[in-house]
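Two complexes follow with chain A in common, the first pairing it with chain B and the second with chain C.
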Partner chain A sequence: MKITLGAVSKPYTSLKMKTGDWGTHWPKVDEELCTGCGTCEMFCPDMCIEVVKVGEENGKEIKKAKVNYDYCKGCGICAEVCPTKAIKMELKDIYKVI
Partner chain B sequence: MVRKVVRGFYAVAHAVKLCRPNVICAYPITPQTEIVENLAAMYANGELENCEYITAESEFGAASILVGASATGARTFTATCSQGLILMSEVLWNAAGMRLPIVMVIANRSLSAPLSIWNDHQDSMAMRDACIMQVYVENNQEAHDMIPQAYKIAENRDVMLPFMVCMDGYKLTHAYEPVDLLDQETVDKFLPPYDPPIKLTTKDPLTFGCYAPPHCYMEFRVVMQRAMERAKKVMEDVFEEWAGLTGRNWGGLIATDHMEDAEVAVVAMGSVVGLVRDVVEEMRKEGKKVGLVKIRSFRPFPVEDLRKALKDVERIVVFERAVSFGHEGPVAMELKSALFGHSDAKVYSFAVGLGGRDIPKQLVRKCIEKSEEIEPGFYFEGVKDFEEVIV
Partner chain C sequence: MKFFFSSGHGACPGCALPIAVKNVLYALEGKCFVVNPTGCLEIISSQYDRSAWGVPYIHSVFENAAAVAAGIEAALKALGRKDEGHVVVFAGDGATADIGIGCLSGMFDRDHDVLYICLDNEAYQNTGNQQSGLTPPGSNTTTTPVGKLLPGKVGKKKDMVAFALAHGVKYVATASVAYPMDIRRKAKRAVEFEGAKYIQIHCPCVTGWGINSNETVKVAKLAVETALYPLVEYENGELVRVRKIKQRKPVEEYLKVQRRFRHLFKHPKGKEIIEMLQKIADENAKRFGLDE
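Up next, the complex of A and B:
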């Protein structure tokens, strides 16, 4: 392992430093309700939610929100701003009291 | 070199100017303000070449600007104290972790509440664990001399850490003293331009102080501790070089008087050392085996030097200018931890002159003499009779 002076790193090093384990909750997208409007994508402070093409219907693209769980810190803003309430914040299994 | 009667502010500002800083950034706070006012005047007069003087909106801003400037390879300076220093503290821990050799002067002042603008060491002591070097000076000549040395130590590749030159507010900053002012040629000969091992440029973007998950965070802390340990040797070398260059030898990490056969050692830091030295000399003349240990470097803490200097003494009297509330005086804490298993000396720690309370000579003498009769421990001295009431 290399330890740099002053914790200086080159661009893209942060990709290796995953932060998805910081939060206690994670967003779950209900694809039935998601209209692919992109509000969540716009509001996500960590660029961890993206509206992507999942299929086609009558020559029209079908788009849905996809969460990047590697970096999502579980802030819940996406769930808060979703106009169709398609995103729910769920407690991660490891934090559930059985 | 020219001897002039100047105030502590000017002694510092003049030395900073000769170190050719690239960025000076500060926010005014008593009793520091006139240090940066002097520098601002020098800047306005065109005496500071290749330098940017930035007036920040707060100490937090000032420290943040210097972190950015230092990362680009600039030689940086600021001065602050008290509330200003603790407002900077969030940034300064980062500066240390990013290994940026920012040099700052702390015009030591007490902390609120109650509000006080007067001198003690509570402010810099609050920064004890931040991996910032701390040297306490005794007079304005030492403050003047420490500035170029601070840059040389901080910018050494084996160190690369921020440096705090701690000088007592008012007692030194406001005092007029004759100071042998350095000249540009001497400082240029002693202090090479800052050559950072790595620097931030627009062409080569870098992250300073990146995220370190549990699998690699500890190693960064290990290298910081190593840098502090290496700083001891670097300091000694730089101090020695300085003595050779200027003829002024301030000692090593500590400086001692009459310690060869001392039975009682008196330990102090900062401007009070001059007074303590007078008392020690007086007692020596009366045949009492008293010696003085002046701690110059509080961080890194001179563990080995203190073990050596204090190995044969029976009693150690420490003059504290701060309190670690809930425990005792911070200097005695460190000293006892350094001596544990190496000395059986009894340690008496006296907090004096908090919040600018006067420290008369008789008080210093009283504490030293009192240690013969009392149990080792922590005491406040120079306190009036008082009663605790609600309003």
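Up next, the complex of A and C:
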């Protein structure tokens, strides 16, 4: 039996949908406070905050959380779960009333 | 793509469903075939040419996910391809406890090697918050609207853990998106058992429950800390582990932060319902030995 590709979607094609303009706020990570623990990454419902290597110190990797603003919906969960309160939710410029 | 579930899906900001799914897939290292009946998860992740999935995925219809999973498992067995991955169902509470319960009973009864995960957001959320068998008493839904007489849902939350245990399901557990490490451990533990297994994960719904998008985890945690959502784990019919509660909170703390329960604090029958919910929590704490 031949199964056609008629109703089959390729993996990760949702990446075409840039959801970064959904929210009113954006998380900003304070690198001074971020310990690279990865809690935010474990909780983010949109897979758009990730702990990445930013350098090295005495042979040990330094890791910090990095937001992918193309997809972040600004839900604020990362800021809530961060144990060191390293994330602040900031109103996007376009929503600021001058 | 270590979570095997990608950005760009259509869930409401702060939705709990992707938190549950990504941590299960992470724990199973993407080695699975996913079956997903109709519901929010399907709608947000499987639009044509907009799939968020990085594992083989099939959308069944609303009522037959357990039967489709059973078929896939039987086929993998017949083809000698069982080693390619676990068969995993992600289904809503409506799909699980109401409309798909017949197929689920059959799958449990035949003991297919399937991990069935119920994503419990406590109502039919994709169609806008209608009550299901897993909606808790007192909840305001569009089919149990609060009015002069009705104080929200009357009747209780179905005990699907008991349902699974009554079928002799070898691994049965509850979990919560407030504790992703626990979800990962339970998913890994579940697949060590050959045959049917059931995990029910508590998943707050931002719109249906009436909470802010950043409160999903906080609210899920309160459900556990009040003992309204006890986290339990059964292996071969025996209760083997529970999540202990340090200082159990009164149920009001969980109820007052959600729009679906807000009326309980002014409705004439509200007090009665709150007392009933507190009694349920107290009984959970006693029955499972939750208090530390």
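One rule holds in what follows: the second predicted complex is superposed on the first by the 88 of 98 C-alpha atoms of A that agree within 3 Å, B and C clash if a C-alpha of one lies under 4 Å from a C-alpha of the other, contacts with A are read in each partner's own complex, and residues count from 1 in each chain.
In this text, contacts are C-beta pairs under 8 Å (C-beta built on N, C-alpha and C of every residue); 3 or more make two chains touch, one makes a residue touch a chain.
Because the structure is a prediction, the values reported are computed rather than measured.
Enquirer: Have a look at where A:K10 lands relative to chain B and chain C in the superposition and call it first, second, both or neither.
Expert: The answer is both, since A:K10 touches chain B and chain C.
Enquirer: Using the superposition described at the top, determine whether chain B or chain C touches more residues of chain A.
Expert: Of chain B and chain C, more residues of chain A lie in contact with C.
Enquirer: Now for A:V97: first (chain B), second (chain C), both, or neither, which partner does it touch?
Expert: Neither partner.
Enquirer: Please indicate which partner A:G23 is in contact with in the superposed arrangement: first for chain B, second for chain C, both, or neither.
Expert: second
Enquirer: Touching chain B in one complex and chain C in the other: list those residues of chain A.
Expert: On chain A, the overlap between the chain B and chain C contacts is residues 7, 9-11, 13-14, 17-19.
Enquirer: Would you mind writing out the residues of chain A in touch with chain C in their complex?
Expert: It comes out as residues 7, 9-19, 22-23, 42-48, 68, 70-71, 73-77, 79-81, 89.
Enquirer: In the complex, go through chain C and note every residue touching chain A.
Expert: 1, 3, 5-11, 13-19, 22-23, 45-55, 180-181, 212-218
Enquirer: Spell out the residues on chain A that touch chain B in their complex, using ranges where they run on.
Expert: Listed in rising order, the residues of chain A that touch chain B are 1, 3, 5-11, 13-14, 17-19.
Enquirer: In the complex of these two chains, what residues of chain B are touching chain A?
Expert: These residues of chain B touch chain A: 97-100, 160, 197-198, 205-213, 216, 219-220, 222-223.
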